[in-house]
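By written order: A, B, C and D. Residues from 1 in each chain.
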Amino acid sequence: MDKELKRRIEEIYKDTEVEFPEANRMVLKTKKENLLPILEFLKREGFRQLKAISCVDWIEEGEFELVYLLSSLNTPLHIMVKVRVGRESPEIETIMKIFENAQVYEREIHELFGVKFRGNPDLSPLFLENWQNLPPFRKDFDTREYVKEKFEQIPFVEEKK
Amino acid sequence: MVMKIIEFIISPLVAFIIGVFFLGLSRKIVARIHQRYGPPIIQPLLDVIKLFHQKGFSHGVLFDLGLILSLAGSIVVILFLPFAGICPLKSSGGLLVILYVMLFLPLGIALSGGEGANPNISIGISRKLILSLGYEVPFLLIILSVMSFYRTISIVDIVNSQGGFRWALFSPLFLSGIAYFMILPAMLGMRPFDIVSAPQEISTGPQVEYGGKYLGLSHIQHAFSIFITIALFVDLFLGGGENIFYFFLKMLVVFVSMVLIHSVFPRLRLEQALRYLWRWPTVLAFLGVIISQIVR
Amino acid sequence: MDRKSIVKWIKEPGKMGHKYSLWAVYFCTGCGIIEIPPVITARWDAERFGVIPVATPRQANLFMITGYVSLKTLKAIIRTYEQMPEPKYTVAFGSCPINGGMYWDSYNTIKHIDKYIPIDGWIAGCMPRPEAIFIAVTKLWMMIDKGKADGYIRYRKNYKFYRRNQEKLFGKLPWPPLYPIEEEENG
Amino acid sequence: MNLEILLSIAFGGAFLTYISGKISPRLRDFLAVLISLILTGFLGYLYGKTQQISYFSFLGIPLLLRINTLSWFFAIAIQVITTLSILFSLSYMRGKERLDFYYLMMLLVNAGMLGIVLAGDLLSFYIFWEIMSWSAFLLISYNRGAALEAGMKYIVMSIIGSICMLVAMISLYTNYSTLNISQISSQISSASSGYILFIVILLFVAFGIKNAVWPFHTWLPPAHSEAPSPFSAVLSGVLIKMGTFGFVLLMYVIAGLNIFLTLGRGSLHYVISLLAGITILIPTFIAIFQDDAKRLLAWSSISQVGYIIVGIAIGTSMGFAGGLFHFFNHAFFKALLFLCIGAVEYRVSTRDLNSLGGLIKKMPFIFFGTLVGVCGLIGVPLTNGFVSKWLIYKTLILNDYPFLAFVALLGTWGTILYSYKLLHNVFLGSLPTRFEKIQEAPVTMRIPVVILSLIILLFGILPGIPLKIVNSIAVSAGFPSLDVSIWGISSEKGTLNMVNIFTAVLISLVFMRLIFQMGEKRVRIPQEDSYAAGSYIPIDKYNYTLEFYQPLFRMIKPYFRDFVDVFYSKIVKAGRGLSDRTRKIYCGDLGYYVTYIVLFLAILIAIKLWGKVW
């Protein structure tokens, strides 16, 4: 069944690589433009569950890799759909039309990595308070520097004036 | 006249002492059932003393007034309740007035809480009023059966006609007595009927905004309401008390059995509580009314 | 202790009341809250000391900050602390509130809680044992007795300072100041 | 002579006001208040006088006016409520159209009601009844739209009632060739009990429709909620009580106490009490789930009418006194509540209970008025409602109607639920930001509220003042006298002493206030500083009003809805089966009611034909 799926995907979406790193795990590497059609296709195939969206910062390659984790209630197969976007102005179409629960995942990734999702109505911060720096999960964000800057300059009560 | 004034002072005082003692006792018993050591038995008193030394927050005039009204209502009810031969307001309306002044209690808290502008309070009060509608159905039937059995609305007469050992619980009214016993936890707000002030769901409901002396007063109010509910049961069904010791003993027996129920049951949802209250206690109370009409 | 000394109760009922009826606000911040259920239930039974958890800050006078504090939690902690009636006591629990603990270089976790709200006592350890809570409570009794548990007074006195520290983290806070700031400058 | 002058002032004043409105609106307002004040003064002067005069002769039938304690008791309530409502209208109605017409109708209703209670014969009773009904119709449909529909519903049912009354009147006239009430009452005792029953049932329908006794109540909720608020106060306070007056007249003056208690082998008064019991119970539980403040109060009016009828119909001196006294009290507290809600509506221009809240901070005056009214409605001790309800309960308990007593007491607990909902959803809770600029109601609205609140508290603490009058009415109706004193009632089985209760409450209040003072000083905080689990409260969202009693609703909804549905669908079915033609003539909602009532009449006539059964 898995092989069948692989064959069909490769047939329809030409520039998609399909791998099986381990049992019951399928990795699809595809292009930005193919993301929505592939997700739609997979959803039709029965992978109705979007479990999470995660993001990897490939700083040397200058790219963010967005990973969409799908699973199905019928088969034990897990699918990871990987898409890469440029690091300079990371922007990608939202998948809310297909999986509505993507809204919060996208909001989180926007907050922590700065990837912009076109069409997502609410990308306001979830966890951070009053954040003015680089998004904190980027690899070029120096957390120790930031801590020094932000927290250590706040005085103790004893140091008052 | 002097006796009268002493009675006026002594009865709320006794009620307060008994109520606070019962609060402490319930905490101790629950602790022992949990196999804990438990707080000292005067812990509620310590809490009240502490609370009176804390700065409370007030949301407005009605926030204070409602609470005071509720407490004043409790005191008036206590003045109407005969115990151990003390009944300061004997001839001023009887059981019906007690029933009505008992309205002050939830209503005062409800008004005070409403000013608090907190939805937790509103939900708590809504639950409180619905629950009270739930237990009022059997409660009113019980009271009516007692009143029509003894053909009087004066509670002193009811107590007097149970002199000797002719307690109403052992008379044809025993079904009503059992029904009253079954709704007592709901009237006291004890488990399994503590949905009103469920701390985990609605943060103690009507008491959310109470701090400092407000909370202290609401504890005192709770103590009073424990006294009122159980004293009413003792007066109506266990023949009152010849002296304060007997009266206290009867109350103690009733209260300890309530606490035993309280300490082992989980909380009921409101619908479950209503379904319970409108089924068995109501059926028993209904039969009680019919029996009281036939046998009288 | 002197819980049973009637003379003291009559002399200074307020202080004795605060000592022996510590009501803790039920506020979970970090991993330390795991230690609280054994403390309040049958194994260690905090109720024998008069310590019980209550539902809202309005009813409480003891605030246990249990574990690391993220920025968002700090906002809630400040709000909760300001809603508690005076006198109020705070105990910081575990090493994270003291100096950040294992989160010393985290971008979103507070390093020193006492920069933002006053703390009366610290319990060190990662995590402290439940017994440590009782030691803290008895220490707190002594501090209240000697009048050293004065965090709320310090807060009122240095409110402008604390508020400024808080606003350095959060920008402008949505709620109005607890105490008037201008008056404090004059006096 | 006095009565003629009184009625001429009432009617003439109404038209004078209308004409003066064409000259200057200010003059009209002034005249309307002045005339009602003059009438109030006049009625005050008439206290304790008894007279009967013939003022006109129509086809040889002398038309009579008379005044006795019963008429005076009703007349003064009518006049006070109308006066205060007109005072209230001054600012409530300002800026609305057709104001001349409004005041004319208001005064005409008033005059009609005065005429009804002062009428000495059935013909003038009928004439005034029709004047009142039609001008009330015009006032109910004053706002057009939905109001017109409500008015239509009202007038259709009203006409059916009038027809019943007319039939009864003609029947009486053909039998006794007189319409004088006192003459009829002296002659009717010799009639067969079947005939009396026929008359009583016909008149019961006539008065029951006006009084909104279950199952004739359907016109009332829309009419009350759609009418202008000051008129709602009159409507609920006194106009529907004309039915009560009719009942008293019918049961204790025309039929007489002894005959009434033996009618239908002594079961008629019990049947009427049972109907009243249903009238208490069902509308109370419907009122709990209303979302429109005035509709809630309207349902509450129906249930309170139940208390009045139960007290009057039970046929003991205490019950009679309780019922009459409850009429008096209900007039005041229900008028107060309608006026308060009117004031709120005037300021915030909505009365939807789900979108209000927190108005106590802006309108404390109106809030305390509402609080007093609600306390009276529940019957909290120290308000007048308590005394009358106490009398009714005591009668029911001591005369072995435990289940009626249960229904009455349970109705009170239902009353607590809906009246707290009213208070909470309008005045308590958090204030939405859109109401930041709301002001307290204007002075002309506050004066009636204050007067009514004071009356309620005064008669609650010293119930003896009205109870003495009620007692003398009861004595003249043939009841044994009650032992009434200024502070309450004494009897061997439980006495009521309001002064004792008042003192006890006062002392405990002062005592608790002192204890309250003992604690540490309190800090005043704004409503924004409320517990929200550590976060700052979301403005305008931190309120709980929608579906206030949702768990209860979930519990009793099947029974509650099924009951009403089954009730109406059965009637409709019966109507369809028996008289299809009637249904075709009156199609739509109203038609069902009409069919239903016509059917009822048919049954009555059938009973009359086989009347020899009795």
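Here, a contact is a pair of C-beta atoms (placed from the backbone, for glycine too) under 8 Å apart; a residue touches a chain by one contact, two chains touch by 3 or more.
In this text the structure is predicted, and so the values were computed from the model without any measurement.
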| item | value |
| --- | --- |
| Maximum inter-chain contact count - chain pair | B-D |
| Chain at the geometric heart of the assembly (C-alpha centres) | B |
| Distance between chain centroids, defined by C-alpha means - subunit A, subunit D (Å) | 68 |
| Length of the line joining the C-alpha centres of subunit A and subunit B, rounded to whole Å | 59 |
| Rounded Å distance between subunit B and subunit D, as computed from the means of their C-alpha atoms | 35 |
| Subunit D: positions in contact with at least two other chains | 529, 531-533 |
| Residues of subunit B engaged with two or more neighbouring chains | 51-57, 203, 208-209, 212 |
| Multi-chain contact sites of subunit A, meaning residues that touch two or more partners | none |
| Touching pairs among all chains present in the structure | A-C, B-C, B-D, C-D |
| Residue numbers on subunit D that touch subunit C, as the complex places them | 528-529, 531-536 |
| Complex contacts: residues of subunit B adjacent to subunit C | 27, 31, 34-40, 43, 46-47, 49-57, 199-200, 203-204, 207-212, 215 |
| Residues on subunit B engaged by subunit D in the complex (per definition of touch) | 8, 12, 51-62, 64, 67-69, 71-73, 75-76, 79, 88-89, 91-97, 99-101, 103-104, 106-107, 110-111, 114-120, 122-123, 125-127, 129-130, 132-133, 136-137, 140-141, 144-145, 147-148, 151-154, 157, 203, 208-209, 212-214, 216-217, 270-271, 274-275, 289, 292-293 |
| Contact set on subunit D toward subunit B in their complex | 358, 360-361, 364, 371, 378-381, 386, 390, 393-394, 397-398, 400, 402-403, 405-406, 409-410, 413-414, 416-417, 420, 423-424, 427-431, 488, 493-497, 500-501, 504-505, 507-509, 511-513, 515-516, 518-525, 527, 529-533, 542-545, 548-552, 554-555 |
| Contacting residues of subunit C [partner subunit B, same complex] | 3, 9, 13-14, 16-18, 20-21, 23, 41-42, 45, 47-48, 50, 54-56, 58-59, 61, 83-87 |
